[in-house]
Amino acid sequence: MTRPSARAADQLRPISIQRGYTKHAEGSVLIAFGDTKVLCTASVENRVPGFLRGKGEGWITAEYGMLPRSTHDRMNREASSGKQGGRTLEIQRLIGRALRTCVDRRKLGERTITLDCDVLQADGGTRTAAITGAYVALCDAIDACLAKGLLAENPITGAVAAVSVGVYQGVEVLDLDYAEDSQCETDMNVVMDGNGGFIEVQGTAEGAPFSRAHLDGLLDLAGKGIGELLVLQRAARGG
Amino acid sequence: MTRPSARAADQLRPISIQRGYTKHAEGSVLIAFGDTKVLCTASVENRVPGFLRGKGEGWITAEYGMLPRSTHDRMNREASSGKQGGRTLEIQRLIGRALRTCVDRRKLGERTITLDCDVLQADGGTRTAAITGAYVALCDAIDACLAKGLLAENPITGAVAAVSVGVYQGVEVLDLDYAEDSQCETDMNVVMDGNGGFIEVQGTAEGAPFSRAHLDGLLDLAGKGIGELLVLQRAARGG
Amino acid sequence: MTRPSARAADQLRPISIQRGYTKHAEGSVLIAFGDTKVLCTASVENRVPGFLRGKGEGWITAEYGMLPRSTHDRMNREASSGKQGGRTLEIQRLIGRALRTCVDRRKLGERTITLDCDVLQADGGTRTAAITGAYVALCDAIDACLAKGLLAENPITGAVAAVSVGVYQGVEVLDLDYAEDSQCETDMNVVMDGNGGFIEVQGTAEGAPFSRAHLDGLLDLAGKGIGELLVLQRAARGG
Amino acid sequence: MTRPSARAADQLRPISIQRGYTKHAEGSVLIAFGDTKVLCTASVENRVPGFLRGKGEGWITAEYGMLPRSTHDRMNREASSGKQGGRTLEIQRLIGRALRTCVDRRKLGERTITLDCDVLQADGGTRTAAITGAYVALCDAIDACLAKGLLAENPITGAVAAVSVGVYQGVEVLDLDYAEDSQCETDMNVVMDGNGGFIEVQGTAEGAPFSRAHLDGLLDLAGKGIGELLVLQRAARGG
Amino acid sequence: MTRPSARAADQLRPISIQRGYTKHAEGSVLIAFGDTKVLCTASVENRVPGFLRGKGEGWITAEYGMLPRSTHDRMNREASSGKQGGRTLEIQRLIGRALRTCVDRRKLGERTITLDCDVLQADGGTRTAAITGAYVALCDAIDACLAKGLLAENPITGAVAAVSVGVYQGVEVLDLDYAEDSQCETDMNVVMDGNGGFIEVQGTAEGAPFSRAHLDGLLDLAGKGIGELLVLQRAARGG
Amino acid sequence: MTRPSARAADQLRPISIQRGYTKHAEGSVLIAFGDTKVLCTASVENRVPGFLRGKGEGWITAEYGMLPRSTHDRMNREASSGKQGGRTLEIQRLIGRALRTCVDRRKLGERTITLDCDVLQADGGTRTAAITGAYVALCDAIDACLAKGLLAENPITGAVAAVSVGVYQGVEVLDLDYAEDSQCETDMNVVMDGNGGFIEVQGTAEGAPFSRAHLDGLLDLAGKGIGELLVLQRAARGG
């Protein structure tokens, strides 16, 4: 089996993490997993949702969108069709849930940080790129708050990164691009922390059910890939 | 550790599967996982979505809803608030995806079967009860089509059942009820086929990340529980 | 003329009123008028709509829905199509209006009781079954509040029940089922209190206009049927 | 008892019916019941709703709206709030149903006539004024089609008019204005045809239930009022 | 070139301004520019939008609508289709912006005046008629507030009127009716104050781009027309 | 007067036009007017809106959006709030109208080209940057169609560019940035073609009305600025 990109089975696409991509957001990161490019901004606001008001805790939430022509064929603009689709809602719930695990929300105070993940160009793996980039944007926004003296203590409790793995032509492969994603038998998104703990595992049989052996192999591959992404996040953040 | 329900860690709640619960639908099943009660109907229609028109294939789709007072506190009615929430869309996408794996859609012809899963009473595990019940309703609807001579051949290719597992007070437990679900450290929904293959695995760390050891233990428990559910589905179907 | 159900012209369908059908709601009643089955729950909340805030009065409101396959052909789910249709809004306004007539809202205090009437199976007369069942659920919810000491005095001022009547093949008949409802010349829904007073009268000529003589006959029939329903409500409530 | 308007109990408000009020519509009538002013237009289009396509029949439908400041206090514009309220939908369903009873839809051919009833100024009884005016607009639109040779035969089968009646301070009164409508004990809208047949009867107890005696008296009053409205419709139509 | 209406190139249509057209609104004006008829009401409310709360300033806003059969062919009712179209939003933003320029909002106090401009009959130039009529309704509403002692000082700082101009068959013409508007090469809406100052200039090439010479000529024509409209506004206001 | 950016009154911001910014769209341009950055993609589809079907003509349309954190404070995501605001609709109507003037739609055949203009970073003048960039994306998409032999003849009939001008502290200035835009007395957006013809002129008095002299001066400035933008468009397109 040769991957369409000629990568080794356990090889990530070229990853780039560009901080400060736009100027207004407290954190703004353009992350690329190969041709997949996602702009992740972190916005800090002095408000919390109703259910947290007066509790002295903050909130982390996410929104996800794709530009209409980020994809091969033009998609309808969700703002124009009047609602966000199920896939969009599912992905933004996943991003928010994942990033909430790495923040001590009591140390954040009554603030909301919104992670906007907008796909400029899609080539598979947009949700895992979004999580990996949003973590860097979140850290930058926290640093900005610390620098301005808005926070007394850093509420970040650990790192978060994500990658997709799948079974393509019978082989377990890491970080699927669109050519693989659209043809694979099994697709799994994995989110882990900086110590190898699992935050989220979402595996789906696209055609036939998958075996426990494949599941084990995919989790190993994901661990390897996320280990590398964690290194790249630290490098982008300057060490 | 004692479970709130005093069940053994690997014990399902009492399961009941009542076929023919309402009279209009081709398949109509009230499934109970303990106090969780879901009405699953299967409706057959002679139409397919636009993207399948003229291809000689059928479609399986699902919709999910909760009655406003199926829950401890009354929820807003989604019809009244004007949109289905992200959780609803996520669950109905999961149900549809799971049930599509057990049907040969070419044998179905240009028909759509819609699985409506409406929660009459909620006590944890509504989505796994829905999948397990919808499979029975789907089989009954197919049987009705076969009996009327609408289908030449049975398009069902295998069984599907689902269960939740989780880590509660450090212990891996099967089929969480609400008291456990709202307190657990890790929550995983697993969908499997009749041969032990995985159709969907969705695990989420509710607080701290979870270890590979816990993940492995949870998958074992899920396999045991789904094995029992498959037996109960067959028994309910009379065979 | 023989009715499709072979009932006498002034005969109700078999009526059943099952209390405590679900466990979370303060009042929960499954009412059946023959094959028409409606789950009526009464939910008590410590809030009132904006226009009543600070006035020391409570509110009674209703919502109505049909499960997608409660009907012969599957209907669209209103939550999915994004709005409640005119028929739904009309029926839930009627139910709320009817039930407000039997409550002294000052004695209720600043509480809202929402009557959710969800049709599990439809065979004609869903709105009259809903009103008749919602009254029982409302009484149960009030009793629960009295038992917990939340209310000092019972705010229920009288009974409410409803039935449909119509002219079918030239004959005035009581409690139309779907076979009659879809073919009748005149259709009338009548809501009355426990003393024979009229709360609501809604008569519609389906084809040719109807005469005053028919109108008078239909009102007599409705009075007879509602008298019987009031007895059955009391019996179900244990007295 | 003196009515706020000093009218006799069985006296209509001054009625005016102004045809040709706007120039584009096939029928355009400004009807006034005292200070209640409703613009009723009838628009003819060569299309029918999906459920009638190819059946050789036409359709009559209605839409109802109130200008935001037709009322004492400004109401929200329904176009701006994004949906028509329950009251609006209920009224436009009533208007459409009433007007469909006076048309032989087979003679109309595959055409839709839409009756738009827009309240310019509200002072009680807008729905009954709308029905009474819409009938005249409908006849004018039919005449226009006959004059152009679009229709071979007149599909109008009879007249339709409507009035409200109610119990105000214990007395049965005809054609309630807002001062009465907002204070009355019972409110009833009655639609009748040109031969004294009932098309629709909708009576509501606003406070205490009403007696059969009051119901009978109100129906008598409505018959008298509608008789006068039918004369005024004919006069306005020149005949 | 002869205009379809046989008017001179610099001639307005017959203008009429009828005050007190409906009785509830503080200001209510039916303005006609030929066959274009717009009902403009001004409603005063003791509230301001959130962004002005507590600032001691008032707000002027506008809403615009067309009755479904104000036009040659029936348009969909925006309340029914569930949203206001882009053209509607654009026009009501223009009306609001224009009228805000002639009010000292500090003198208005924390009040909102809403200008509802509803087109009863359309024949081109509805937005300019709306602005010209809304100014008169606004002045009447302010006078009503002054008369009741609600305002200490008149917040109106000057007059506002508007007209359309365009290039029709190569000739610059004033106040286009529909026959011209639908055929013209260039269409411009101009809003001016009582001293010849420009409040808004919106010119659009419908086909070929237009020259600076035409632009200058159109502005001259607009100035002449608006001068006449200002006189008619004053005359209608009795002064 | 010194401009906040220290530019001369008739000086544009640094302009950059980056073609091929994303890979899927037939035309994809990142245009920057200083810190304002807009991604303009042109998507070609083999369909036309209903009103053009079967007429042998194409269509050009535009959609506009701002990323939630393109602005100083985070804006709500329009996809999430469920509708596009009035400003968005107004701008995308303007972009579409402007670009339609430079295409012979008969030569385009039954194709739609959608110009998606998404603001990545906003600093004033997003709509004029969008028009100027969308023209380049449109030309690239047309070239792609010509290269593939889909079009026999180039349907582009001329160039289109746009710039804002305004009166800031009494001085007429070119190409306002946000610091000027939010403070200026008059704001005008001008769209012109390659021959100095006007396509659109939209001038608004933000505070006091503006004089004819200022209007004339602003049009001169706009002409100068657009002349320079036309040169830069040609340069970006390679001459």
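To keep things simple, chains are lettered A, B, C, D, E and F as they appear, and every chain counts its residues starting from 1.
The working rule: a contact is a pair of C-beta atoms (placed from the backbone, for glycine too) under 8 Å apart; a residue touches a chain by one contact, two chains touch by 3 or more.
None of the values given here were measured: they were computed from a predicted structure.
A.B. asks: State which chains count as neighbours of subunit C and simultaneously of subunit E.
C.D. replies: D
A.B. asks: For subunit B and subunit F, which third chains touch each of them?
C.D. replies: A
A.B. asks: For subunit D, which other chain has the most distant CA centre?
C.D. replies: Farthest from subunit D by mean C-alpha position: A.
A.B. asks: Rounded to a whole Å, what is the gap between the Cα centroids of subunit B and subunit D?
C.D. replies: Centres of subunit B and subunit D (C-alpha means) sit 51 Å apart.
A.B. asks: Quick one: subunit E and subunit F, Cα centre-to-centre, how many Å?
C.D. replies: Going by mean C-alpha positions, subunit E sits 28 Å from subunit F.
A.B. asks: Taking the mean of the CA coordinates per chain, how far is subunit B from subunit E in Å?
C.D. replies: For subunit B versus subunit E, the centre distance works out to 59 Å.
A.B. asks: At which residue positions does subunit B touch at least two other chains?
C.D. replies: Counting only residues that touch two or more other chains, subunit B contributes 82-83.
A.B. asks: So how do the chains connect up here, line, ring, star, complete, or something else (other)?
C.D. replies: Contact pattern: a closed ring, each chain touching exactly two others.
A.B. asks: Starting from subunit A and heading to subunit B first, what is the chain order around the ring?
C.D. replies: In ring order, starting at subunit A and going to subunit B first, we get A, B, C, D, E, F.
A.B. asks: For subunit C, which residues count as touching subunit B in their complex?
C.D. replies: 22-25, 28, 35, 37, 39, 41, 43, 45, 63, 65, 67-72, 74, 77-80, 82-84, 88, 114, 116, 118, 120-122
A.B. asks: Given the complex with subunit F, which residues does subunit E contribute to the contact?
C.D. replies: Going by the criterion above, the answer is residues 83, 85-87, 89-90, 92-93, 97, 101, 188, 192-193, 195-205, 207-212, 215, 219.
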